[in-house]
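In the two assemblies presented below, chain A is common to both, partnered first by chain B and then by chain C.
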Partner chain A sequence: MDALMQAFGLVFDPFVLAVIGLSAIFGMFVGAMPGLTATMATALLVPVTFFMPPVPALGAIVTATTMAIFAGDIPGAMLRMPGTPASAAYADESYAMTQKGQLNLCMGVNLVFSVGGGLIGVAVLIAFAPMLAEVAINFSSYEYFWLACLGLTCAVFMSNADPVKGFLSLFFGLLLATVGIDPAAGFPRFTFDDVNLMGGVNFIATMIGMFAVSELMRGAVTVDATTKVVAQAVGNLFRGIGGVFRRYWLNFLRGSFIGTAIGALPGAGADIAAWISYAVSKRFSKQPEKFGTGEVEGIVDATSANNSALGSAWIPALVFGIPGDSITAIVIGVLYMKGMNPGPTVFQENPQLIYSVFLIFILANLIMLPLGWVAIKSARQILRVPRNLLLPVILLFCLVGSFAMTNSLYGVVLMLCMGILGWIMEEHGIPIAPLILGLVLGELLEQTFVQSMIKADGDYLDFFSRPIAGVLGVVTLTIWLVMLARGFRRGPVAAPA
Partner chain B sequence: MSLLSRRSLLAASGAALATPLAAPALGQANWPSRPIQLLVPWGAGGGTDATARIVGSLLERDLGQPVNVVNRTGGSGVVGHSAIATAQPDGYTIGMITVEITMMHWQGLTQLNPGSYTPLALMNSDPPGVQVKADSPYQDIKALADAIKARPAGTFKASGTGQGGIWHLALVGWLQAMGLKGDHVRWVPSNGAAPAMQELAAGGVDIVTCSVPEARAMLDAGRAKSLAIMAPARNPMFAQVPTLNETLGINYSVGAWRGIAAPRNLPAPIAQRFGTALKKVYDSAEFKDFMTQRGFGTVWQDANGFASFMAEGDRAMGEAMRGAGLARG
Partner chain C sequence: MRMNDALLGAILLGFAGWVWWLTSFFPAFPGQDYGPNLFPRILAAGIGLCALVLLMRGLRNRAPLLTVEGWVVEPARLTSFLLIPGAALAYILVSEPLGFIPTAFLLLLGLSLWFRARPAVALPVSAGMTLLVHWFFAGLMRVPLPRGILDSVL
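Let's turn to the complex of A and B:
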């Protein structure tokens, strides 16, 4: 209880509230700009959070991402261009509603159900993270080894791309993770006698490069100067919402829980949550033929799902240090920077900080209602900001952020190289997320494997010797066998003719 | 962190940019005329970082210029130590160097050794402890020592830091002092003391030989207990933990120390000014209170004392690491 009171004190501090307010506006803007993602919003916040204590730093990230995932719906409905990938699943549907003259209803549904879904995700986070931490305090290297394996498997399994390309990306990430001083024997690898490389490939600088710089390069190649905004005026957003809720409350709950579950899985975030829940909605709808023609049903599922995925992605990140999505991969880096090393002990050592994060999550979802309303009303002005001014400013933030991560130019050079690599990868349909997960989890995987082998005196069966480790191991191996069996049954698919 | 330190961090990035422009000789007469950077080779939130921050804030008061703590982490400390050694010796970049500087070069990780710096002052040293799980069958150090001796090599597993790190050497030294081989207890490398304590609480290893203040969170949570410290005297913060000498009659002590140093060839007047300022910091009530409260040990050696302390430590580490088969090249 003491920690909860402390948390209230920490959050309801004028400086923290001001940070939350500003990051909310920032998040709305980034989310509403097509091409700028919630992950990018987080990456751009890194240099700013560097100069803050933990609570406002995490508060800024929580608030900005919550807003960005909702705001991505706005250009989806107005321009048929999703503001973030998380809105891509139903951008066509939203635009179809707009063409039918239902822009009001569409935006209202997006706003209200985003808030609802977000709150459900947060509720699950608050209920399950501390419970899971109690269990996880008894995890040893065996359990962590299997969790790392499961996380990496999810990364390939959940990405929409060709599995071969997913594996390519994953293994490249694992390769990058081996640069630096080897965690077991303390021997430098792939460092070429360079002191900076001894510190390894900094994953936040990598992520800024991969998610922000690659997007800038794409923007620079295809500067489409004019964006046509729908001329429809936005009226009363909340009219008709009650009716939609009465009709589709089941869709709302289903979307929220699918989103929460997918968010908590490593490597899959809000975008995949939206795709899957939209598909589920269509599959179980009484009128699937109406999907794609401007029906609100699928939007309810998907817009609830992507916001609920945000909160639950923090569960594995806080409890195990395994990111639930690309946003929490950055959050893990920020946590380390603030001395709050993720893991079950963070709930004992810094409970007031964890409760503060929970409070900010609730707060962010609540202020989304008025702020979202303002964002929708001023959408036309936001969408008119010229990209040729915006992109250089973002580049500047990327440079400062990557410098702050290593306090040296090494971070900047690394960030730029990774930006080019990320751009090339995306141009060839190779997903970036598995690479990031490989880079983040590579050290954990290697370290826990070596630790376990030393503890077991080289006996592989010891990996199944503890009850939870045994279950996790069997689950992991089963998933691998199923994947292999499927691959064999299908044979060499899509062989070039 | 207050608004003030946020501003000083901003100033630090400014100072970092300005460094190459200022010639070393220029500022000597009226040194210090701009902010000073205090580099830390370890991450924010850890013990080294906390010690550097209190030293920095007290130094700032005496020198009249902001002292900005900058973390240069990674590579088991190589990155930060090398950043301190290779900075301009103009008195505007100093750093907190740690015991690893007498160890890393024996492992072949770097060319850097104590001679790569202008030593300024030794401020702190923490002895290793012997921690076991709260419900371990060995409730005192004697029982644990007897069990280790009685069982075959490799029965017990210990952790606390990476392979060849300071707490690994503490274990090796303790085992050797008991007449056993250095690898009689198997070392499980970990990413620092906190993950090792977590592994201990989960039942993955039997012993963790990190310092008692590092084990504190798990001790306070009632999940682990300290059986002994490897030091000449008890720690007043953890007065119930006995020393190895009073329990086993083993007079073995090593420690993880931290001190302030500048790049080699720092002009003598600046080094002297730092020396008097650091002595004032060490004698201040704030520093003593902070260190006692965290359970960190305090020791003082001036520049010359620190230099001979490091030289002796370097020699002893070389011997110990060769003995344990941890030295390379």
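Let's turn to the complex of A and C:
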């Protein structure tokens, strides 16, 4: 109880509230701009929060991402361009509603059900994270090794990309994590006698390169494309929401719980949650033929799902230090920078911090209602911000942000290299998220692997000797086998004669 | 612009071999079976395996070695594309001697004019954003942004 009061004190501090307010506006803007993603918003926010205490730093990230995932729905409905990948699943459906003259209802549903889904995700986070932490406190290197394996495997398994390319990206990320002084023997690996590389590959500069610079390179090619006329929401956004809720409350609950479950899986986040819940909604609908023609049913499922996934993605991140998606991967990086290694011990040593995160999540979802209303009403102005000015400004943020992470040009050089690499990867259909998760988890994976090998003295069966480790190991190996079998089956079919 | 799977696989196979070769210089410690080269070698083997699958798949499919999208042959759009990494490179090269404020201003102005912003808008926006970013990072957050030629003024 004491910790909860402390958390209230930490969150309801004028500075923290101001940070939350500003991040909310930033998140709304980034989410509503097509081409700027929630992950990019987070990567650009980190340098800004670098010098803040943990609570406002985490508050900024939580608030900005919550807003961005909702705001991505706005251009989806108005321009048929999803603002973030998490809105891509139902952008066509939303746009069809707009063409039927139901923009107000569509936006109202998106806003209200985003808030609802978000709150359900947070409720699950609050209920389960401390419970899991109690279990996790007894974990040994075996359990952590398997958890990291499982998380990384899920990242490849859940992405829609070719598994071979997913694993390629993952191995590359893990390899990048080995650059620098080896944690066990103190030997510098892959540093080429460069002082900067001794400290390892800076994670945030890499993120900014991969998620922002490569996106800018893609955007630069189409910057002078003419912007379409923007539809405008006028009138009451909340009219008819009650009716939608009475009719589709089951969809709302189903979407939220699917989203929560997928978000909590390591490696899968809001965008996958939206795709899956939209598909589930269509599969179990009484009128699946109406999907795609501007029906609100699938939107209810998917818009609840992507916001609920956001909260539950923090469960594995806070409890095990294993990220649920790219955004929580950044969060873990931030926690390490603040000297608070995520894991079950945080729940015992710094419970006020955990409670603060919970409170900020609730707060962020609540202020989304009025702020989202403002964003929808001023969408025409937001979407008219010229991209030919925005692009250079974002590039400047990237440059300064990555400079600030290392206080030297090393960060900028790294950002540039990673930006080009990220662009090449995307061109070849190699997903970026596994690389990022690999980079974050590499050290943990190597340490627990080597520790476990030494403990087991080369006996691999020892990796399964503890009950939870055994279950996790079997699950991981099963997924590997499924992927292998799938790859073999797909191989000959994919090759045209 | 994308390479076919065979070429990509061949390059990655070479990369994996190079990583493995580098790990052979890592020291081994007597009495310690699992040294600093163990984990990187597993990863190099993993990359090599993936590369091999890509290589075989590519040889079977016989796609053109290099596929080029339409915008690459349009000089204006190709320049737009190259300007993003180019601007970052320019920042790396000149920000130390020139200082953050002039570099950032010229970079913003140059890019937005190239992307056909009106000068009457581009000028104040570039100046304003440069000063805002400088105030926030150098003033508020104490990031040592290079002062360059303005050293005596700031």
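What we mean here is this: the second predicted complex is superposed on the first by the 484 of 497 C-alpha atoms of A that agree within 3 Å, B and C clash if a C-alpha of one lies under 4 Å from a C-alpha of the other, contacts with A are read in each partner's own complex, and residues count from 1 in each chain.
Following the convention adopted for this analysis, a contact is a pair of C-beta atoms (placed from the backbone, for glycine too) under 8 Å apart; a residue touches a chain by one contact, two chains touch by 3 or more.
Just so it is clear, the model here is predicted, and its values are computed rather than measured.
Contacts of A:184 after superposition on the shared chain: both chain B and chain C are touched.
Touch criterion met: A:455 reaches chain B, while chain C stays clear of it. Contact comparison for chain A: of chain B and chain C, C touches the greater number of residues. Once chain A of one complex is fitted onto chain A of the other, the partner contacts of A:348 are limited to chain B, with no touch recorded for chain C.
Once the two complexes are laid over each other on the shared chain, residue contacts for A:167 go to chain C alone; chain B is not touched. When the shared chain is aligned, chain B comes close enough to touch A:53, but chain C does not. Once the two complexes are laid over each other on the shared chain, residue contacts for A:134 go to neither chain B nor chain C. Judged by the document's definition of touching, chain A residues 50-51, 184-185, 403-404, 407, 450, 454 lie at the interface with chain B and also at the interface with chain C. Taken together, the chain B residues at the contact with chain A in this complex read 1, 3, 6, 9-10, 13, 16, 43-46, 49, 70-76, 78-79, 82-83, 107, 109-110, 154, 157, 159, 162-165, 186-191, 194-195, 198-199, 201-205, 217-218, 221, 223.
By the touch criterion given at the top, residues 15, 50-53, 137-143, 180-181, 183-186, 188, 195-196, 198-200, 202, 336-341, 343-345, 348-349, 403-404, 406-408, 443, 447, 450-451, 454-455, 457 of chain A touch chain B in their complex.
Across the complex, chain C meets chain A through its residues 1-3, 8, 12, 19, 22-23, 26-27, 29, 32-36, 38-40, 43-44, 46-47, 50-51, 53-54, 57, 60-61, 71, 77, 80-81, 83-85, 87-89, 91-92, 95-96, 100, 104, 107-108, 111-112, 115-117, 121-122, 125-126, 129-130, 133, 136-137, 141-145.
Within the complex formed with chain C, the residues of chain A that make contact are 47-48, 50-51, 164-165, 167-168, 171-172, 174-175, 178, 182, 184-185, 187, 189-190, 213, 216-217, 220-221, 223-224, 386-389, 391-393, 395-400, 403-404, 407, 409, 412-413, 415-416, 419-420, 427-428, 446, 449-450, 453-454, 458, 487, 491, 494-496.
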